[in-house]
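Sharing a structure below in structure tokens format, with a few things to ask.
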Amino acid sequence: MQKKSVYERGVYYYETDKMGIVHHANYVHYMEEARLFFLAANGYDYSALESSGILSPVVGLSCRYHSPLRYGDSFRVIVSLSSFTGLRFVFRYRMEKKDGLLVFEGTSEHCFVDDKGKPIFLKRSFPDLYEAFSALESLEES
Amino acid sequence: MQKKSVYERGVYYYETDKMGIVHHANYVHYMEEARLFFLAANGYDYSALESSGILSPVVGLSCRYHSPLRYGDSFRVIVSLSSFTGLRFVFRYRMEKKDGLLVFEGTSEHCFVDDKGKPIFLKRSFPDLYEAFSALESLEES
Amino acid sequence: MQKKSVYERGVYYYETDKMGIVHHANYVHYMEEARLFFLAANGYDYSALESSGILSPVVGLSCRYHSPLRYGDSFRVIVSLSSFTGLRFVFRYRMEKKDGLLVFEGTSEHCFVDDKGKPIFLKRSFPDLYEAFSALESLEES
Amino acid sequence: MQKKSVYERGVYYYETDKMGIVHHANYVHYMEEARLFFLAANGYDYSALESSGILSPVVGLSCRYHSPLRYGDSFRVIVSLSSFTGLRFVFRYRMEKKDGLLVFEGTSEHCFVDDKGKPIFLKRSFPDLYEAFSALESLEES
């Protein structure tokens, strides 16, 4: 179990806009990439979760843009599970350039639903996943 | 039945890239918007087609970029069904700025498959749709 | 001067993801479309602002997703300027389906910078724009 | 000098559409990623080229979709410079899944322009780049 994951990649040209910087909507993509990377690093392949009937839609986002990314930049996303209530969970993100410059901070909030959109009570329906998420969350607090 | 449809909209800011022009991948979006607009204008709501079990994936594209679009530009896409064989069909696209300047020409090729990805023989399985597409295609020739 | 603008459009097919709903990053696009529509409706063409050397990057976002949008849905974005300090301004967004169902609520925070990224003190450098934004903001309060 | 480059990555969740497969427009992104990777691997950083005043817009695309990519898939793009006339150049792409299954074949055609959009005669203005591209192109023929 990893307290946090560090996800890295470079900016793609098509992610820039006419201001010459990465368009702000693309950071929401980076958050998703980093989140699914974190889950995979902890043994949860999201496509396998979906195949077993668990969907995890985004219910909220917060984003703070500190310094722009440009084409040619590499960056890392430090991602952790910052809270988990059994019904909802929150991921926290910090993006930095290679030299450590703070680029972005944000959070995303999620719930678990079945393929009809009905909320899943993880503790009852998927106790293993419940235990795992609880363990990941307590790790971040320490 | 309409021989061709004219689909219009303006460029969105996020569709530009650091060159200051619409990124070339977004024209593939415009082709899709115009194609589904054409189908709707001829009585075929694509979401209804999908609900009835017909998927229509893209099997080929050709794109020729004549003059760039920029944020602030409005454009129209003239779209028509240029061929239909019962198994495959080809749409043709011409994009122009408001003043008539040629922006883009392209084609997209599609087939019909069921939700398992198996080819659908339209004439046998959906004779009404077969007749309708045949009619649309012969219209373009005239 | 308009207290708020109502921006309308339908979902594009390519905006959906494998969950069958509009991917959450695309709402950030909708916010931008609606914001630039609001500015244009109040006489501020954003491409003209940029040409005069004023850039207005996004410094923060908050998003709350209430009910998913799907391909085939039409929606409206009700957008207003909710605060303006001379240095920063905040837009507020409410998205609804045609039948009034609440889809999304969010805010975006922006600043004004010149083409070197230096903050612009609007009151000093662009007093007309300062007055206009002040007027728009006070309208929302009423 | 490399005859061809092999660029690899996995599918991102947000690249899928409601058909459950990667939306066809995203392959145009993959082509760009692979092309810029190829240029970098041969010593041409595209952001450096742009800084020196050389832009290289896309003038044409052809795409053939053989087998869909899905979330969870990894793929490679085999990219090479297939022709170079001094004024225009064509890249060729072949995408495969990890197991070798053919996914996509395509080409992209480009020209060189300056930041006013005027064509650049590479042989005269940038003879080193002209030699390098000629060398890359002749390699592919062999």
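When the chains are written out, they are named A, B, C and D in that same order, and each has its own residue count from 1.
Definition applied: a residue touches a chain if its C-beta (ideal position, glycine included) is under 8 Å from a C-beta of that chain, and two chains touch if they have at least 3 such contacts.
These figures come from a predicted structure and were not determined experimentally.
Undergrad: State the pair with the higher C-beta contact count; candidates are B-D and A-B.
TA: Contact tally favours B-D.
Undergrad: Can you tell me which chain lies farthest from chain A, using the average of the Cα atoms as each chain's centre?
TA: B
Undergrad: Where the CA atoms of chain B average out and where those of chain C average out, how many Å apart are those spots?
TA: Distance between chain centres: 30 Å.
Undergrad: Which integer distance in Å separates the CA centroid of chain B from that of chain D?
TA: The computed centroid separation for chain B versus chain D comes out at 25 Å.
Undergrad: I'd like the Å distance between the centres of chain A and chain B, where a centre is the mean of that chain's Cα atoms.
TA: Chain centres of chain A and chain B, defined by C-alpha means, are spaced 35 Å apart.
Undergrad: Counting only residues that touch at least two other chains, what does the list for chain C look like?
TA: In chain C, residues 13-14, 18, 21, 25, 29, 32, 70-71 touch at least two other chains, as defined above.
Undergrad: List the residues on chain C that touch chain B in their complex, please.
TA: Interface residues on the chain C side: 12-14, 29, 32-33, 36, 45-47, 70-72.
Undergrad: For the complex, which residues does chain B have touching chain A?
TA: Answer in residue numbers: 13-14, 16-18, 20-21, 23, 25, 70-71.
Undergrad: Which residues of chain A touch chain C once you look at their complex with the stated criterion?
TA: Of all residues in chain A, those touching chain C are 18-19, 21, 24-26, 28-29, 32, 50, 55, 57-65, 68, 117.
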